[in-house]
Structure formats: structure tokens, C-alpha cells
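Please go over the structures that come below.
Two complexes are shown next, each including chain A; its partner changes from chain B in the first to chain C in the second.
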Partner chain A sequence: MAEIGHYSLLIAFFLALYSTIASFAGTRVPDLGESARRAALALFWLLTIAACTLVYLLAVRDLTVEYVARYTSTVLPMSYAISAFWAGNAGSLLFWVWLLSAYAALVVRGTRKSPSRLVIPALGVMMLIALFFLGLILFLYRIDPEMTPGMVRDPFYATLQVLFGSPEGGLHPACNPFWRLPLRPAEGLGLNPQLQNPGMMFHPPTLYLGYVGMAVPYAFAMAALLTGRVGNEWLSLTRRWTLVAWFFLSIGNILGGWWAYVTLGWGGYWGWDPVENAAFIPWLLATAFLHSVIMQEKRGMFRTWNMVLVLITFVSTIFGTYLTRSGVISSVHAFARNEAFNIAFLAFMAVALVVSFALLFARRNQLASENPIEAVLSREAAFLFNNVVLVGIALVVLFGTVFPAISSAFTGVQVSMGPAWFNNVLWPLWAMLLLLTGVGPVISWRRARRNEFRRGFAIPFAVGIVVAAALVLAGMRNGYALAFFAICAFVLGTIAQEVFRMLRTRTGTLDSPPARKAPVAAFTRNRRFGSYIVHLGVIIVAVGVTGSSLFERQSDLVLRQGEARPFEDHVFRYTSFRRAQEPNRDVYAAGVEVARAGEVRAKVEVVKEDYHAEQMRWTKARILSSVVEDVYLTLAAFQEDGSAIILSVRRIPLVVWLWIGGAVLVLGSLIAMLPDTRERVRRARPASRTGER
Partner chain B sequence: MLAALVVFVMALAVGAYVGYPLLFPGRNPQVEDSERREFELRGAQLAGALRELETDHSLGKVADDDFAERHARLAREIEFVEQRLAGAEPSDQTDVDELAERLVKARRAARKHARSGLCPGCGRSNPPAARFCMNCGSRLEEREPTS
Partner chain C sequence: MRRPGTKVLISLGLITAAIAILVVAATMRQGTTIHYYTTTSEFLDRARDYVNKPVRVNGKVVPGTLERAGSNGSTDLRFALGDSLQRTLPVHYRGNAVPDAFREGADAVVEGVYLPSGVLEARQILAKCPSKYEAAPANR
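Right, the complex of A and B next:
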């Protein structure tokens, strides 16, 4: 079975090679172009066969396959065994390239009737990227001294062995998920207990959907540069693709935060871990791109900058994949161990950057801006600041992420850039970005006149001041918190005011029934309305982050069985102890009763687990959520006989708003993706007057 | 052995599917009336831009004079697209991208002219910030040369 997967990949590699050449040559020859489109579709089906093969091998736990033996065991639950698809390097790369082929196939299907001359070259760029990943999976290998050349059974690698073999050992593919071991091990190594969480099923796929999705706008941008059609065509063709990628990147980041939050030891929902940062940088850059695109569409500005942004966003997604997969940041030794992998990835990023910038330079004259920025107080300037701040944050995060690796490579000294460093450097930028979230959508184009400025900002400004004053009166003395809550209130004021004004002016022009006027007014401007909802989500997230990061309290309670101790207004009673043996783990569970004001609020079990195959002890948090605060309970330690425990209690205010805000943000991006009602009408009747209002 | 057979069949099927357009040229589904479709898409884009401009203006985000100028520009482009869709051939064979590019160039030229302070009407030099000619009163900033 593994052989079918392996040879599907091999056929796919040559198909991608053909499709790349046919795409670039097929821009002038329609039949070749059609063949390239078919090759892209066939690539998707071949990689689907490969992906299904791997899922099957994982599901049946075929331990003769090295990847299956390394990431599963016979006692691992089925859902996690299948999630092991993206747990390791080889599977992740296959998943990446499979998603890319799916995006390419969707582009092919979605542009069947498109007359655009950008589609075929864009397909060529996507196929080129697929070629790199397939090459990595198939042809990247290392010399394994424990393996003799005779042990290489696969005819493909046996041939490579003859051509490139070494007397020092056998050829071992560095990231091929279908590689068979010479001998079947008795048991697999199993999946890291940290990854045995529902987050594992959803977080990596959504994040990868976001990463890979950014390849589509990049491919169209490159196609525009290659063909010289650098107008707005590539933007209008890729707007929804960018939103789709951003949508998945957002979900991926939020799910990642949630997973880290419910998993003890990952530093809360955001610990500025390199892998977290690697996912956050593309999101920041893609956000900047989504904003600057509006400038090009409406004012013919930022044309070069949009190209630069889409380019660096794409490279950052590759960088994110690389950082997550190579382990180069968390362990410097990984660099030496997997040198070929590192060189291949870094070379790919370098080539992508150099070629893209060279093309950009060659077309620089065609990308001149149509309009200049005329005033500092204008929508154009606000968007420029927004971009500067977003890219600035991305650069700070990038610096903080790679600096420890660079420093230790050159000086041998391990420098740690912890959460404190990131928070200290970034808070002014966050404040500025939040402020711009309020200013940008309200301020006038070209030049804001004084009366317009007053009319736009008087009420929101007053809302901000009132909220700050109310918080001071309520006893809040933390300057950061006051500033952030006031800014959030100001931005909420601008959003409410904008939505109200939009609905008021638009409902006046509609002839729908009165009850339907407001929804019709909103959903015939989906892009605008969606963006307001996204901004609302951002503000709710900001409230959650401010509350939870500035006002958390923590205490460790030593409890004997039956004993109760208070922490602030809550009382915690240790009631029972239970030990259970499951196929893959031993579970130690302490029953705790949580009471407030004399009433029992909840009875929970705090748990520690010993995983057999992985030989790891793991603690799971129990969380009591409410809109005001989360009570976060963990079993810090316990007596073997269950006579006493140490219960760790954290009280984290407003954290639930982070997830609510995240959901609102995702919903807003969905709305922004929908076509306007009018657009749908127009597509149904293409011959109608396109210029009608 | 079974695996080898499966792989062989797969390779054959892929080869046939991908090679078909080259083996039987001319039988492929060509994009029908691609020029018409291009104009329809362009028209939809322009109509969308016009709607956005109107919403911005109704919310007080675009000044009246700016609105008038941009509205007129979009309307001109829409008119051109509609003419082509209706089958009427404009006097020259310009395609819509060229038209857009020409308008952009004209606009840049006008801006440059305005920044230089030279009046396009009488040729008198004016201060860089001036919006109207000090000699004849012609508008310096937004004028677009007809091309």
C-alpha cells in the first residue's frame, strides 16, 4: 500500500514539472495551456491518492512504515492516529503540497470561463512551488550509517543508492512518509501527549490552509509581473483567495491560542513561542496586504507596495512552515542533524525573494502610484500608518523569534527573548494599531476638513473618555489598562457610529419592506459591513487580552482530603482521589468542589496522566469559564496515596472574550467574502446594464 | 506486483488525460467570446467601484469636488464598456485596459503639471500650492488633458 503512495508522489513530481513548463509555454499556445490546466487537476488527484494512502496506513497502524511507527502506536485512539498525518515533518510536507494542489485545482475550476491571461502563468508559479515540496519529499535524503545498502528494498531508492550511494551507509529519505523499515517494530513510539488534544485535529490543518492559501495571491502577483499586466486585474482575481487564506490563518491562530491556553505549560494562550510567532507573522502581513489593496483599488496607490507585501507574506508562510518543521529555533542541534532540509528551505526562500524582487524591479515603471498622499489627516495616510505599524509589529516579532538562533550561532551564547521582551516592545504599537482601527474607517479620503473631523470623532472620543472616567471611579489604577480600555471604547464608538450612519443613509434609498431594510442595506455592502464586524472582533479580542494579561491572580493551595481553603471569594474543597488504568495511560484524578458565597459552583476533577509508550507525565487543566473571569485549576502535585494534593488556582479575567472576539472576527471575514446581492443579480443576467446603480 | 500494476494504470490514465488536448488539438473547450466576458467582468468591477464611491460620498468620506471628478471618470469608463458590450465599435480600437492605463497616465500628467505650477490655460507660472491660476483663474489641480 505504501508503494502506491510513494509512486503517486513520483508521478506527481514529473507531472508538476510538466505542468510548470506547459504553463509558462502555454500562455501563447491554448492547447498547451489546456494541457497544463489538466495536469494541475491530475496533480490534485494523484496527491489525494497519496494522502489517502497515508491516512489508511496510519489508521491500520502499519508499523512497517517508518512514519507510522514514529508517530502512532497500536493503543493510540483512532482520531489522533489520523491526526498524526501532520504531526511529523514528512506528513506535514505531504499535507502542504496536497493543499496547494487542491487550491490550484480550485483555481483551475473557478477560472474555466475566465478570459484572464494571468491564470495559466499563475498556475505555473503554483506548480513550481509544488515541485519544490515534492522534490523535498522524494529526493532529500541522508546517509544512515546503521543501514546497509542491501537493506534498501524500494526500487526507486535502490536505484538512487547505486547512483549516489555511499560506503558509509544506506540512503535514508529525510522526509518521505512512505519509507518502509527493514524490520517491523513490535510497537510504535506513539504521539506526544501534548498533541493528544482535539486542538491537534483542527489547529494544524486550518493554519496550513492559511499558509498555503497565500500562495494563490502570490502566484497571481508573479503572473502579473511576468506578463506585464500589473493593473488591478490580479487584485480582483485574488481578493477572495486572500480573504480565504486570511480567514484560515485567523482560525488557525485563534485555535492555537485556545489549545495553548487549555494545555498546561505552554505559557497561556500566547507565550511568544517561535512556532506561535511563525504563524502570527504571515497573519500580520496578510492583514496589512488586505488593507493596502483597498488603496490600490480605490485610489490607484501603493501598487509597488502591494506587490512587496504579497511577496513577503508568501515567503513568511514558507518561513513559518520551515520554522515549525525544522526545529531550528528550539534546538540548535537540529540544524546540524537535518542540514540538507535547512539548506533546501533557506535556498527556496532566497530564490523566491530574489526572483520576485528582480521581476518587481523590472516592472517598477509600470507600478508608479496614480495619486500622492495629500494630507496627514486623510484616509490614505491612515492606511499608510496602518501598514507601517502592522509590518513594524511583524518585523519586531521576526527579530525576537530569530535573534536567539542567530546570536547562539555566532556567539555561542543562548539569549532568550521571553514574553516580557515582546510585550514591552510591542505595547505602543498595539495601542497605535487599535487607535488606527478606529480612525481609518471614519476619516475622509484625500483631506479631512475640520468640521468632518469633528463630526466623525466627537462622539467616539467622548465614549472613550467616559469609559476611562468610569473605570477610574470604579477603582482601576493601572495606566496601561485604562489606556487600552479607553481606546477600545473609542473604536467601538466609531464602529457603532459608522454602521448606524451606513444603515441610515442606505435604508433611505431602498424600497424593501421596512423590516428588511437594515439587513438588505448591510448585506448589499458585504465587504464594508464584514470589515466592521472584523474590527469589532479585534476590539473584543483586545479587551480579552488586556483584562487577562494585566489582572491575573494565582495561588497554590495545599489541601488534605476533605479539607477546604479559600482564594479570594472562592472556596476549594478536595473531596476524592481516583486512579484509573487505560490502554495507553494511567490517570490520577482529584475531585475538587468549588464554592462561592456558600453555594457550590462546580464539582470538577483535576487530572495528571502517565503515558506508557511515550513515558511522559502530563497535567490537564480544568477551567470554569464565565464572562467575567476564568478559574483555571490544575493538579500541581499529589501524594501517591491521595491523602493530600497541591491545587494550583489561577483567576484570569475576561479571557473568554478572546474566543468570542475571535469568533466574531472570523464571522466578519466570512461576510466580507460573500458576494454582494447586486453582484449575484448581475451574474445571473450578464447582459444587463453593467453600469446601473 | 499489484502495487506495480496500480501505479502503471495510474501513470497511463494521467498521461492520457493530460496529453488529450495536445493529441487532439482544436477539440478543447475554448473560452467562448472571451472579449465579451472580459468586458462584463470589467463592467462589474467598475459598477462595484461606483457603488463604493457613492457609499463613501453619502457617508461624507469623499468631498463633493473629488466625488464629481471620480464619478465622471468611472462613468466614462463604464460608458466605454457598455458601448463595447452593446456591439457598437468606438471610433478607435482601444481595449479597456489601454483606456484605463491612458486615464491613469493623463491623471499623472495633470498632477505633474499642477505641481509644476504651470497653468495649462495661459502658461503662467504659479506657486506650487495654488489650485487655481493667478492669471486666468483656470483650475490647476484636477484638469486632465484630453487624449
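Right, the complex of A and C next:
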């Protein structure tokens, strides 16, 4: 079976090669272009066969396949065995390239009737990226001293063995998920139990969907630079793709935080871990791009900047894939262990950067801005500041992430940045970004006038002041919290005011031509309405982050069986102890009764589990959620006989709003993807294709 | 951009300068950055440079050195951290419960402050956990 997968990959590689060449040649020869489109579709089907093969191998636990043996075991539940597809290096690279081929196929299908001459070269760029990943899977190998050439059963690698073999050992593919072991092991190594969680089944795929989705706008941007059609065409063709990618990146980041919160047992959702940062940086850059695109569409500005942004966003997705897959940050020694893999990835990023910037430089004269920024107090400037702050945050996070590697290269001492570093640097930037979330959509184009300020900001500003005053009266003395809650209230005020005006005037917005009759304005301006919902989500998330990060309390309670101890207004009673044997783990569970004001609020079991195959012990959290605060319980320690336990109790305020805000944000981006009435009108009149100004 | 207004340029400069200052200030500030050593012997080689500084040291809990004291939820631990070179670093820890995998002979990462007395006063003890994603090294 594994051979089916391997040889579909091999055919796919040559197909991608053909499609790349045909695409770039096809800009001049229409028939070749058509052929490239079909090759791209075929590539998708071939990679689908390869992906299905891997899923099948994982499902039947074919342990002769190295990848299957390394990430599953015969006792692992089926759903997690299949999610091992993206648990390891080789599988996730296959997943990456399969998603890319799916995006390419959708682009091909979606542009069948499009007369745009950007599609074929953009397809060529996507095929080139696919070629890199397929090459990585198929042709990257390392010398394995424990392996002899005779052990290689696969004729393809046996041939490579003859060509490139060395006396030091056999060739072992560095990341091919279909590689067979010479002997079938008795049992697989299993999946890290912390990855055995529903959040982990969905978090990596959504993140990858986001990562790979950014390849589409990048490809069209490069096509625009290659063909010299650097107008707004590439933006209007890819606007929705960027939103799709952003949508998935957002879900991926939120799910990642949620997974950490519910499974890791330390009560946090974000630790500025390199792996988290790797997912966050592309999100920040893509957010900046989504905003700056508006400037080009409406005012013909930021045209070079948009190219730069889409390019660095794409490279950051490759960098993110690399960081999560190479483990190079958690241990610098990982670099030498898999040198070819590291060099290949770094080289790919370097080539993408150099070639893209060279193209950009060559076209710089065509990318001049049509309008200057006239005033600091204008929507143009607000968008510019938004971009500077977002990119600034992304650079700070990048700096903090790679600093250990830099410091050890230059000084021999590895200095890493703790969460406090990130929080210290970033909190003023977050405050400014939140403030701009309120200002940007309201402030006038070109130059804001004083009376417009009163009209736009008087009410929201008052709301912010009132909320801050109310919180002070309620006893809150934390300056950071007061500032953030006041800003959040201010932004909520602007959003409410704008949505109210949209609905009342029925013209959409302040600056659109008046008296256009529409039943309900909001639903004819989906893009704008969606953006308000996204901003609303951001504010709700900000409230959740502020509350949970500044006001958490924690205590460890030592409890004998039957004993009860209080923590603030809650009382925790340890009632029972239970040991159970599951097929792949031993479970130790302590029953705890949680009471408040003499009334039992919940009876829960806090659990520790010993996983056999993985030789890991895992403390699972039990969370009592409410809109005010979460009570986060873990079993910190227990006596073997169950006579006593240490119960760790955390009280984390407002954290549930993080997930609610995340859902609102995701919903908002879905609304923004819906077609606008104005867009439909424009489509009906093909004469005005260039878009609005 | 053709010629953005001077005021816009000045504000941009201010934002960029502010970010730079924030980064530098946070990096200089004690307690926000962590000096990280892969092994105890590497740490001991430079120990004098890091008195009163926050460090993260990685090593084995030397068997036979772990002493537990304290009760009522606060854990009070003394042990020696070492690697194959037999040079060891005394560690003291008092605080919340330690991770599941912490025991004699196990790999541990200790985060804390190195005191002039030569004891590493631990703020946090982490069980060694290479990465959430790629646990096994490439060479099996």
C-alpha cells in the first residue's frame, strides 16, 4: 500500500514540474496554459491518492511503515491514529503540499471563465512551491549508519542508493511518510498523549489551511510583478483568498490557545512558545495586509507596501512551518541533527525573498502611489499606523523567537526571552492597536476636521471615561487593566455608533453616496459590516486577555480524604479516589466537590493519567466555566493509596470571553467574505472592472 | 507613496523609535530574559558571571541527593543538578508542586536565580519536554 502513496508522489513531482514550466511558457502560448491548468488538477488528484494512502496506513496501523510506527500504536483510538497524519514531520509536509494543490485546483476551477492573464503565471508560482515540498519529501535524505543498502526495498531509493550511497551507511529519506522499515516492530511508539485531544485534531489542519492559503495572494502578487500588470487586478482576484487564509489562521491560533488551556494544565493559553509565535506572526502580517489592501483599492496608495506585505506574510508562513517542524528553537542542536532539512528550508526562504524583492525592485516605477498622505489625523494615516504597529509587533515577536539562536551563535550563551519580555514590550503596542481599531473606521479620509471629531468620537470617548470611572469606583486599582478596559469601551462605542448609523442611514457609511435605497444597509455592505463584527471580536478577546492575565489567583490545597478547605469564596472537598486501567493508560482520579456559599456548585473528577507506550504522565485540567471567571482545577499530586491529594486551584477571570470573542471574530470574517451588493452591481457592468476610487 | 506629510513621517519615526526603546528596555530589564544553558557543566564553567541573574539550567537530578522537606502544600526541595561530568550544582526550591516527571535520575530544567552562595534558588522546575510536536530525535 505504501508504494501507491510513494509512487503517486513521484508522479506528482514530475507533473508539478511540467505544470510549472507549462504555466510560465503558457503566458505566451494559450494551449500550454490550458495544459498547465489540467496538470494542476491532476496534481491535486494524485496528491489526494497519496494522502488517502497515508490515512489508510494510519488507520490499519501498518507498522512496517516508519511514520505509522513512530506516531501511532495499535491501542491508539482510531480518530487520533488518523490525526497522526499531521503529528510528524513527513506527514505534515505531505499535508501542506496536498492543501496547496487543493488551493491551486480551486483557483483553476474558480477562474475558468476569468479573462485575467494573471491566473496562469500565478498557477506557475504555486506549482513551483509544490515542487519544493515534493522535492523535500522525495529527494531529501540523510546517511543512516545503522542501515545498509541491502535493507532498502523501495526500487526508487535503491537506485538513489547506487547513485549517491556512501560507505558510512544507507540513505534514509529525511521526511518521506511512506518509507518502510526493514522489520516490523512489535508496537508503535504512539502519539504524545497531549496531542490526543479534539483541539489537536483540528488545530493543525486549520493552521495549515491558513498558512497554505497565503500562497494564493502571494502567487498572484508575483504573477502581477512578472507580467507587469501591477494594477488592482491581483488584489480583487485574491481578496477573498486572503480572507479565507486569515479566517483559518485565526481559527488555528484560537484553537491552539484553547488546546493549551484545556490540556496543558497550567491555566494559561499563551506562553510565547516559539511554536505559538510561529503561528502568530503570519496572522499579524496577514492582518496588516488585509488593512493595507483597502488603501490601495480606495485610494491607490500603499501599492509597493502591499507587495512587500504579501511577500513577507508568505515567507512567514514558510518560516512558521519550518519552526514547528524543525524544532530548531527548542534546541539548537536540532539543527545539526537534520542539517539537510534545515538548509533546504532556509534556502527556499532566502530564494523566495531575494527573487520576490528583485522583481519588486524591477517594477518599482509602476508601483508609485497615486495619492500622498495629507494629514496625521486622517484615515490614511490611521491605516498606516495600524500597519506599522502590526508589523512592529510581528517583528518584535520574531526577534524574541529567534533571539536564543542569534545569541548562541554570537556569544555562545543561549539567552531566551521569557513571557515577561514579550508582555513588557508589547502591551503599549496592543493598547495603540486597540485604539486604532476604534479610530480607523470612523475618522475621515484625507483630513479630519474638528467638528467631525465631535460627531465621530464624542459619545465613544464618553463611554470609555464612564467605564473607567465605574471600574475605579468598583475598587479596581490596576492601571493597565483600567487603561485597557477603557480603550475597549471606547472602541465598542465607536462600533455601536457606526453600525447604528449604517442601519439608520441605509446608505452604508458616512462617506458613501447618500440616499441609495436598500432594504437593510448592513447586509448590502457585508465587507464593512463583517469588519465591524471582527473588530467586536477583537475587543471581546482583549477583555478576556486583560481579565485573565492581570487577575488570576492560584492556590495549592492539601486535602485528606473527606476533608474540605476554602479558597476565597469557594470550598473544595476531596470525596473519593479511583484507579482505573484503560487499554493504553492507567487513570488516577480524585473526586472533588466544589461548593460556594454552602451550596454545592459541582462534583468533578481531577485526573492524572499514565500512558504506557508513550511513557508519559499527564495531568488533565477540570474547568468550571462561567462568564465571570473560570475555576481551573488540577490534581497536582496524590498519595498512592488515595489518602491525600494536593489540589491546585486557579481562578481565572473573564477567560471564557477569549473563546467567545474568537468565535465572533471568525463569524465576522465569514460575513466579510459574502459578496457585496455593490460588487454584484459592478459585476453586472463589466466596464468598471478597475474598481472604485 | 509620493511625498507623505512631514508630520506623518515624524509620527512614523516616533512609533518606530518607541518600539525600539521598548525592545531595548525590556531586554535590559532583570527577570524578563532568561540565560539558558543546555548543560550543568556549561553553566558551572561560567557560573561566576551569572551571580544574581535569572538562569535556566538543564541537567539530571543526581540520584541520592533529593531531600524533601515541608508540608501543607508547599514543597521544599534540595537536590543537586548534574550531568555526566560529576560536577554538580546545588538547587533549592520552595513553592508549588513539582511536575509529574520530576524524580531522581530524571532530566529537569530548573529556572531561577543563581545566588552568591553558589546555590541555584529555583523559581520553577520544569520536567524536560523537548517540544510539543517533534518529540523523537531524527535518529532513532
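We adopt the following convention: the second predicted complex is superposed on the first by the 660 of 693 C-alpha atoms of A that agree within 3 Å, B and C clash if a C-alpha of one lies under 4 Å from a C-alpha of the other, contacts with A are read in each partner's own complex, and residues count from 1 in each chain.
Criterion: a contact is a pair of C-beta atoms (placed from the backbone, for glycine too) under 8 Å apart; a residue touches a chain by one contact, two chains touch by 3 or more.
This structure is a prediction, so every number in the text was calculated from the model and none was measured.
Superposition of the two complexes onto chain A shows chain B and chain C fitting side by side, with no clash. Contact with chain B, but none with chain C, is seen for A:A39 once the two complexes are overlaid on the shared chain. With both structures placed on the common chain, the touch criterion links A:R446 to chain B but leaves chain C unconnected. By the document's definition of touching, neither partner reaches A:N365: not chain B, not chain C.
Judged by the touch definition given at the top, the superposed model places A:Q581 against neither chain B nor chain C. In the overlay built on the shared chain, the residue A:T411 is in contact with neither chain B nor chain C. Shared-chain residue A:D556: touches chain C; no touch with chain B. Legend: residue contacts after superposition of the two complexes on their common chain; A:S8 is shown touching chain B, with no touch to chain C. Once both structures are overlaid on their shared chain A, chain B and chain C have a minimum Cα-Cα separation of 9 Å.
In the superposition on chain A, the residues of chain A contacted by chain B and by chain C overlap at 368, 371-372. Chain A contributes residues 1, 3-4, 7-8, 11, 15, 18, 30-32, 34-35, 38-39, 42, 46, 49, 113-116, 229, 231-233, 236, 297-298, 300, 368, 370-372, 379, 443-447, 449, 452, 455-456, 498, 501-502, 505-506, 525, 528, 676, 678-679, 682-683, 686-687, 689-693 to its touches with chain B in the complex. On chain B, the positions that touch chain A within their shared complex are 3-4, 6-7, 10-11, 14, 17-22, 25-26, 28, 30-32, 34-35, 37-38, 40-41, 43-56, 58-63, 66, 75, 78-79, 81-82, 85, 97, 100-101, 104, 107-108, 111. Of all the residues in chain C, the ones that touch chain A in their complex are 1-5, 7-8, 11-12, 15-16, 18-19, 22-23, 25-27, 29, 31-38, 46, 54, 56, 71-74, 96-97, 100-101, 130-140.
Within the complex formed with chain C, the chain A residues making contact are 70, 87-89, 142, 144, 174, 189, 192, 194-195, 273, 275, 301-302, 324-327, 330-334, 337-338, 368-369, 371-376, 381, 384-385, 388-389, 392, 395-396, 399, 404, 413-418, 420-421, 424-426, 428-429, 432, 554-558, 608, 616-619, 636-637, 646, 648.
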